[in-house]
Amino acid sequence: MEHRNATAAVIGAGDYIGAAIAKRFAVEGFTVFAGRRNGEKLAPLVADVEASGGRIFARSLDARKEADITAFLKEGDQQAPLEVCIFNIGANVNFPLLETTERVFRKVWEMACYSGFLTGREAARLMLPHGQGCLFFTGATASVRGGVGYAAFASAKFGLRAVAQSIARELGPKNIHVAHLIIDAGVDTAWVRDRIKEREGKGALNNLAPDRLMSPGAVAEAYWQLYRQPRDAWTFEQEIRPFAEKW
Amino acid sequence: MEHRNATAAVIGAGDYIGAAIAKRFAVEGFTVFAGRRNGEKLAPLVADVEASGGRIFARSLDARKEADITAFLKEGDQQAPLEVCIFNIGANVNFPLLETTERVFRKVWEMACYSGFLTGREAARLMLPHGQGCLFFTGATASVRGGVGYAAFASAKFGLRAVAQSIARELGPKNIHVAHLIIDAGVDTAWVRDRIKEREGKGALNNLAPDRLMSPGAVAEAYWQLYRQPRDAWTFEQEIRPFAEKW
Amino acid sequence: MEHRNATAAVIGAGDYIGAAIAKRFAVEGFTVFAGRRNGEKLAPLVADVEASGGRIFARSLDARKEADITAFLKEGDQQAPLEVCIFNIGANVNFPLLETTERVFRKVWEMACYSGFLTGREAARLMLPHGQGCLFFTGATASVRGGVGYAAFASAKFGLRAVAQSIARELGPKNIHVAHLIIDAGVDTAWVRDRIKEREGKGALNNLAPDRLMSPGAVAEAYWQLYRQPRDAWTFEQEIRPFAEKW
Amino acid sequence: MEHRNATAAVIGAGDYIGAAIAKRFAVEGFTVFAGRRNGEKLAPLVADVEASGGRIFARSLDARKEADITAFLKEGDQQAPLEVCIFNIGANVNFPLLETTERVFRKVWEMACYSGFLTGREAARLMLPHGQGCLFFTGATASVRGGVGYAAFASAKFGLRAVAQSIARELGPKNIHVAHLIIDAGVDTAWVRDRIKEREGKGALNNLAPDRLMSPGAVAEAYWQLYRQPRDAWTFEQEIRPFAEKW
């Protein structure tokens, strides 16, 4: 592996998509800065990346705290110039309207939207002096559709999409590539498999058609392709879903 | 004027659109509940409505406080069953990304999105037992477009649109008509006239083409027409703009 | 009934929506020009309108023929200035891709899109010298969604929507109100009732919940409200659906 | 170069985007079938591809003729299984509404939409028995926006997008990857450079900022990346534009 003098930060480095993104950029020689609420949970990811010769730093991070975001990204930028920053915090909840408490509504927004704004702004602050950078945001079906029970989650995801659009229009001409990747399907996680078992019975998991669920690695690959786009043909938004998904 | 046994609540009863909506429903015989931050500023509206035989109650209201919203709507519903609730709080600001403070981002969201969620939920709680109701939200160009400098405002307006969609899908089948009216143009207010003077010079205001700006009354009329739609042909979303507007 | 010196033309004056629109504008005093392929089928509509004191002219019309459209609208404009023109031709078909013949694809386009372009252009040609006019197009779910089996129909409806948008942007500033009304549900017609019987059994029709289907009159009412909009708050697009419809 | 046993067909193999796509897939070892109205104009492309060891067949093709499309694709499929088919015919024209003749409207549709439908259907017919395939369509800004003067072009491009959507929903589950690539900017062609010279003067071309225009090669690269997507994360739609483009 050839190392680059560049940092890729992943905010929301969960066990699935976030970890896959971290590995994808590490394997390309980036110094990876991975942040999540409980940084200790990053130990397996760190072990993996380091075993294959990659560089990674794991940090505990409350992305709802401006000072945390600022410090995290600044530290990353000090290791090597911050070239890529991917915001990947989700907060998928579903409640009937009358049972959606103000606390849930606010918390989901803080996690999935407000943190994304802080991340985008602080990453931009570091990238602009470098004259380049990639700022990517993970979207979902709920980024473009307010379904039943999703008042809180869709509101946050719609809001994040607006943040991404606004930054893209302002900073594209300054050579910052902003993109919003809409994941329009269930990703293959323990949580999604549990939902399938609940809805369709235990057998469903054994008979799961190949590629019915999106693998975290495929999401990471989509981000990698966005990173590699030449600047005369940048994508702001694209959606991905498995081949057999209904939409 | 024939009075109805029905309340129309306007949250965000500012001097222009909000006041026009209040008058439009008052003139149709509704008991109007008008709320804004500083309720004393509602005195001219109250005088107007009462002079023409209408019923109106003016209240100070911080729509970002759950208890305020709940109390306001409950009081309205006690006067007469809450049939119409219109959320009309705006918070239009424009800042370059790096100058958008976390305080601005949060405050704009609290005013334009979070308050809208509280309003929708609490109005629904009162309307559902009545078996009917209309819940309308004022949108803007920024509800569907994240333009340069609008990270905060567009994020809040996108978020409000998601809330409206989600409630519409959940409560439509329960006979609550939810609509999102996108105002895709400048409304004729002192603030907009000042912006035109700034950009185009003093003369521009004198030469303002008739109907170039949307009158607050026309917005109120659009809401009235939404109210009157038969339930076999409800609109969730429509946009309005003056005839000569570029879009 | 007070007569106006104004013509409302309905192209695609079928037994349901088209007829309802014709009646709605007739009852407001418009001279109605109603065209459909087989003009003889308009006899009951003519009888209805005339019985209630309205003015109506029924014509056979192949809307895919430029000369027919031109002659029809010109004749209408000679009776009284053409103020309203509503294009209402549908061509809803569903075929698996491989069974969609080129003949079907072309014919559906000619009926639902090409005819709409001719109608829009020829109506505009007459309205522009009058300095005003309303040009409305009936859309459908398929105007914004290309579902399975709808390659032909959705392609034509998407295409019609583009025509409407383009004309709206060009002629709005010239005081021509162009609107595109998306009917996002089944309308109460014999054909739709047959589909329900097929899918859900005979009993379904007897137990049809009130307002589950959209009445043609409600569509006509939506057009009437569009007509009445003040020009400082015109709607280009709105969708309508029954309260209990899933979307 | 390692040859694959697979054909990539390009319908609308013009001098810029089409040629770049042909080269991109040839260099990856595909047998390329390139079709355009006047097949003789493909001589330089053929020479280029063959010089670098690629395989290419050039054919004259009127894509508006069902028999031509069928024969072209079948011949390609006989050389090697048809795996990729890219429809790339444009027909960008701009006329004021009243000057848009029915001949122009029909011809633009036949070139940009009807041909695309024939291509999609006939390619699918060949790919389905192979159990796989990629069917890509070139879109434009006018695929999602009906601007002034674009009644004909936008109508055709909207229509093509509907075709692509409908096929994607039907054939995705059958392992056919359908995508619609929206080119939201001017591509670097002689025609676009002439327009810039006209609008901005001769000097503008010399001072053209690097990457202001999208290179045909970047479009081809976007298609290549779509081809390479794993089937658990397919994109249906994405847009591309140069970094400094306003949108």
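Going in written order, the chains are labelled A, B, C and D, and every chain counts its residues from 1.
Throughout what follows, contacts are C-beta pairs under 8 Å (C-beta built on N, C-alpha and C of every residue); 3 or more make two chains touch, one makes a residue touch a chain.
Every value quoted in this text rests on a predicted model; they were computed, and no experiment measured them.
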Shortest chain-hopping distance from chain B out to chain D: 2
Any chain that touches chain C and chain B: none
Euclidean distance of C-alpha centroids - chain A vs chain D, Å: 32
Separation of chain A from chain C, taking each centre as the mean of its C-alpha atoms, in whole Å: 45
Chain centre separation in whole Å, for chain D relative to chain C (CA means): 34
Sequence positions of chain B contacting 2 or more other chains: 169
Chain-to-chain touches, reported pairwise for every pair that qualifies: A-B, A-D, B-C, C-D
Of chain D, residues touching chain C in the complex: 66, 96-98, 100, 102, 105-106, 109, 113-114, 117-118, 120-121, 124-125, 128, 142, 145-152, 154-171
Interfacial residue positions of chain A with respect to chain D in the complex: 169, 172-173, 175, 177, 211-215, 218-219, 221-222, 225, 228-247
